[in-house]
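Right after this note come the structures.
What follows is chain A paired twice: with chain B in the first complex and chain C in the second.
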Partner chain A sequence: MKNLLKNKFVISAAILIVAGMIYTGCENVKESVSGDASSHVYVAPGSYDEFYAFMSGGFSGQLAVYGLPSGRLFRTISVFSQNPEKGYGYSEETKPMLMTSYGFVPWDDAHHPELSMTDGVPDGRYIFINGNNTPRIAKIDLKEFETTEIIEIPNSAGNHGSPFVTENTEYIVAATRFSIPIPNKDVAISSYKENFKGTISFIKLDKESGKMSLAFQILVPGFNYDLAHAGKGPSHGWAFFTCYNSEQANTLLEINASKNDKDFVAAVNWQLAEKFIAEGKYTTMKSRYFHNYMDESEQTAKSEEMTEVKVLNPENLPGLIYYLPTPKSPHGVDVDPSGEYIVAGGKLASLLPVHSFSRFLKAVEEKKFDGAINNIPILQYDAVIAGEVKNPGLGPLHTEFDGQGYAYTSAFISSEIVKWKIGTWEVVDRIPTYYSIGHLSIPGGDSKKPFGKYVIALNKITKDRYLPTGPELTQSAQLIDISGEKMKLLLDFPTVGEPHYAQALPADMLVKNSKKFYKIEDNKNRYVTKSEKDARVERSGNVVHVYLTAIRSHFAPDNIEGIRTGDDVYFHVTNLEQDWDIPHGFAVKGANNSELLVMPGETRTLHWKAKDEGIVPFYCTDFCSALHQEMSGYIRVSSANSNVPVTFGTGN
Partner chain B sequence: MMKKKSKILIVIASLLLLLTFLFPLWKIDLQAPQYPEGLGLNIWVNQITGLNENDVDRINGLNHYIGMKAITPDDIPELQYMPYIIVFMVLFGLTIAFTGKRKLLYVWLGLFVVLAIIGLYDFYMWGYDYGHNLNPDAPIKVPGMTYQPPLFGSKQLLNINAVSLPYIGSIVILISILISIFTLFLDRTKTVKAKV
Partner chain C sequence: MEKPVFRFKVLQIITLFIFISSILFIVGCGEDKNQYDSEGNSNQNAGKSTEANESGLTDFELKNGIGPIKEIIELSAIDAALVKKGEEIFNSKCAACHKLDERYVGPAQGDLLQRRSPEYIMNMMLNPEEMYKNHPEAKKLFTEYLTPMPNQNLSVEDARAVLEYFRDVNK
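This part shows the complex of A and B:
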């Protein structure tokens, strides 16, 4: 009996423990996801997602495209990094895209995607992204989801505060993260305060051609410039840049650049800058930088070396820049849809300041200044502030808007998104993120008319959220429903590289512009072969040009003889298909660079060095047809002094 | 002699034929799962075009696997002289309306019907030729399989369901023939009544 009682006790205790485990387990799930979440993210087979999000690939140097709400990755766009998958940065046509004043730089650290805008709303034409390391801005054409232009930013030591666009994409801005001597020179690092400067750059987008050019740069005090946003509506004509390290520390920044209670938002009057440029109030500085663009008809990237830039110095151009004091080491600077409020997330601050654009103008008019730095007036904090969001989470970084009167701020340290009301500055909701959110993104959330509906949390850490894969874990984003009063977590999804920032827009804006293939008659590539009868092999000295065509399911020529060891062979592959979704690949055994992926109507060139005597096969790598496996050919390589004549053909 | 009303009807029947220059005679729709965007041919009095841009080339690209000859509209003589036949029929019809000779209308109608039948037969024979005279070196050879598209209706050809139907141009021709038959009927009954 005693034993039985004891047993009963043990059993009951076990039941209690198990029940408790089940209960807490349920609690955890309840806490994070509501029961109907899966139905909200389900996209039926064959259907498009409602939105498409372009997420920066961080240190992968690329840009990845995900459907929302499904979180499905369906495309990685090659931007700053070579991509052997399609020969980007390897083919002769695309290599010039990655040229810089430092030579060929086949990688970068890509941070902030920004959609082109018309009237302050995404227009679906282009998306821009910055190269943070080797200062660059890339333009991706959304007709084809390809990088079509990259401009280097001279006099910059890290292009972080970039590439934010003005209301009609008149300009794309860039601000240097690190200050350096400008022009750069050999000085003691400890002479920072004396020698180091920053620059803010304005890149013009030509209305007709869509081409970028560096319009002018503004020389600014040597702080670290972090993020930016252009004004809109009433604040159109201005651009705002956060800066930290107003202490001008050059070592142990984590301590030394965190001392001041307030750093700044720099308000730049770019319309006035245009006027100063027109009046000739600039100096021309010798600066070497590259401008690379894809020539659409020649289908070949061109690299232009630029040599000088127009520079404005605000020290003697009053009205060009004002500093708005902002606590503490601010990161994001975000302008609400009305264009009146400027939110700056002080990453070490305990409150979130919201500046008022109209109060700022009034304060300028009434000269409510609190000193100046290099002749740039500092406004009085109390004169420009509209309100402060109290308890906005720890480490508020970045804010976007839903168009319904609410703002959403990411808080890195407290790992949450905080929803607050514009005007009352009250926090109305908060939701945890897993873990350590950086930026966040609402479709159209930095525009005049946000599409709303979702916020994406772009997280820095994943820990236990995914299958452990050794020390290196996946990067991740989270989808949160913001259509109701309370935010609801819907989905976790893994991402390519570190998703610093993302922008999204509705699918129909992308569908309507999409190109199906390149018209062969418009192909003006220098090495195009427009029909099989023109396929040929031409030798001049040790250089051999193979004019090759691909169409289902053969190459012309597919037998090539007369190649000698030491030859530099250029395979100019033209895809003759004029049909949707029929790319052909081209791969040569042992190629030291990459394969090619050639779109219908396109020409791409692979350089190949013939090294050893023998037979070398080549083949199509993209499964194109029922006879794809047969789509192949042979190259005969003879000795350097052989007299095997150049012959070629298909089917003879 | 024909009544004024009949003459007007014949003018309409003749001029209607000019619409065949604006609309295809026949449409062949090729349906396959891999072509959600559609694939097919429009056959006109003077040309063959794709339902989408480049469809003729796309179809030729597919057909080379089964050894079918490429469809090259320039090599089809009918497309050269059919427009002349149409123009001739229009002018002939207008002449009948102008002269009012009812007997000539019988000739016009008879000729028209014969030409239409020859046209359909010719179209069938082209289809037969494309479907049967296949390159013996074709990569895909299915024993006993031929690829003649149907004249009317649908037929499964390997993975493709071919649907062939007359289009606006042919319907216009049919209406033109019906109007002229109706005119003959109208004209005859009135003449009979007048005699009584």
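This part shows the complex of A and C:
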């Protein structure tokens, strides 16, 4: 009996010890990922994520959409780059979207997604993104997750400081990263100080039509304009732009543009600019740029060539711009939800200055200036500063807000996110990121009412975090829970292209606006075929127009004869379906461009050159039905001088 | 020695039973299919409420389909304007798969009103997914034609117009 008891005791103790060891072991693992991270990021099959993050695809030129907290990629939106998956930039209807004053530019470097806002809060209508290389701003309509407008920015040499919106999306702003002669001309590069200028552009969004137009540009000293944010609340009517290279160096910028102790945040009074424009205090400059938009009823993109722009010169327009001195090559400039604080991260700074908007106004009133550049007053640093965040990490770049009184700043060099309190400026928490974080994003984190809950770290380097894939490794983002006092890392997830910046919205804001299909009655495409009875082939010289319809599971016509070598054939494919989620694809063997993906009720056109005699098949690429494999057809190509007549049909 | 042989026999019997059952089942299915081959018989089948009631449908649904049309609709003299509208809708949204006088991707529609009630026709246009899933007549058509009719998202007014067109061509 005693032995038995003893045994039981020994066994119990052993179980307890082993359990304890397991438990402790788990705790150790948990510490690096914190708590039951997996259950926080698990989204049950068939359920939506809570938020959707729109992440720039960097030099892929696209915009990718991920669910949060799952980190699942579920859509790539074609913006500046051709995308054969959807025929974007290949179909005759979408090619004009990529027209610029440099011709057809099928690529860009997309950096900053920015949601449209109403009363300083994302409204779920549009998301904008900049083309950094060939200066452009694109507008994506969130009804359909498609790019519906692209405007080129003239007199800009790199559209980095863009596209940031004002409180009610009155304007989308754009600042040139590189200064150049304006208008551009052949000069010695060493004549930089004399000849180079920058521009800040204000793109108006029409309230009714939702169309963009270039309202005016402001000619500014030849620095490098980096990032921007518009004011809100009390600072509504102003926009803030960081600039570096106030040294005006034109070579070896990493040394020569890092000499000055302080560069600037330029505060631009855009409501005053509107007044100057209304009073005619502008000059009209000849400037060639393109404005491309998707005509909704014609379902065809149109390119308009624009020829001039209104330019304001702050040298003779006092009050238009003030410079706020900001340490060490500032990069991000972020306005807190109240609109009072303007945070500017210096790439090389060891502290983070926070400017006060009310102090700024007072300093302007009291003329607390410290000189001027080209008649633009420089304010005294001490007169505008609200506070400095000490030890904000090395190389603080960008700041977003949780709406609970805290700010989160990314630090590139020390690879971390630093949480600090607005008002006391004290750092309250910090968490490492893997590795080299650039931007960070909190849902609604640059608005008046952040949704909070998570911060996404948008990292530049992943090194050992993922399977090695040769010299190039995946890019990645990290999801961090900010609902508690301490930040908790939940998830790493790989991304398409560089996830330069992101903005996120709650799922319900997207669901309520979503379009299900295009009404065939409203399709005013020039080449629409609204009934299978009207499907036909028309020849005019060497150009052949094929008016095709697609419906599960056949094309009409699906047998086409009388095509000759050398013909330019245009397949105008109308999808007659009127149901959600039933696009049809269209692909021709040997096509030198791409396939088409045609939404229900939509018409898209593929150009195809008939080269060789013979039979050429075509088929539906998007698996549409049980008999999708049967959805195909043949084109007969005869010699250039053949007498084979044009005939066509289906099922006969 | 006896016992194993017996067991073997039991196994054989069970196997045989399963085999025969399977054949019966397959044959049963085959017969079913043959029975439904001719679409002209479908109205007679709809009359067999005991068989169809197993699907849990009301008598109204059996006769008139499942969907937004839940009452008998009043039909007066044919309205020429409505016929024209119906013809346009039919040509744009239906004619890719239906002809009036011959079988195409789907059945010929010229004599549709002799086979189906007006309410059934409208419910089939307006709610094809549920009809294929739950209505014995629609299920039969699916096994015959294999391609399910897509939902073309007609409004009730659109469907009514198409019905008027069918009434006109069926005069």
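Quick notes
One rule holds for everything that comes next: the second predicted complex is superposed on the first by the 620 of 652 C-alpha atoms of A that agree within 3 Å, B and C clash if a C-alpha of one lies under 4 Å from a C-alpha of the other, contacts with A are read in each partner's own complex, and residues count from 1 in each chain.
Throughout what follows, a contact is a pair of C-beta atoms (placed from the backbone, for glycine too) under 8 Å apart; a residue touches a chain by one contact, two chains touch by 3 or more.
Being a predicted model, the structure only gives us computed values, none of them experimental.
Aligning the shared chain A places chain B and chain C in steric conflict. In the superposed pair of complexes, A:Ala53 makes contact with neither chain B nor chain C.
Of the two partner chains placed around the shared chain by superposition, chain B and chain C are both touched by A:Glu577. The larger set of touched chain A residues comes from C, when the choice is between chain B and chain C.
Applying the stated contact rule after C-alpha superposition, one finds that A:Ala626 touches each of chain B and chain C. Touch criterion met: A:Glu532 reaches chain C, while chain B stays clear of it. Within the superposed three-chain model, A:Ala556 lies in touch with chain C and out of touch with chain B [touch as defined at top]. After superposition on chain A, the stretch of chain B that runs into chain C among 95-103, 113-121 or 149-157 is 149-157.
On chain A, the surface patch touched by chain B in one complex and by chain C in the other comprises residues 551-553, 577-579, 625-627. Those residues of chain A whose C-beta lies close enough to touch chain C in the complex are 517, 520-521, 530-533, 549, 551-554, 556, 576-579, 582, 625-627, 651.
Chain C contributes residues 91-93, 95-97, 104-105, 146-148, 150-154 to its touches with chain A in the complex.
On the side of chain B, the complex with chain A involves touching residues 37, 54, 57-58, 61, 65, 139-140. Residues of chain A touching chain B in their complex: 551-553, 577-580, 625-627, 630.
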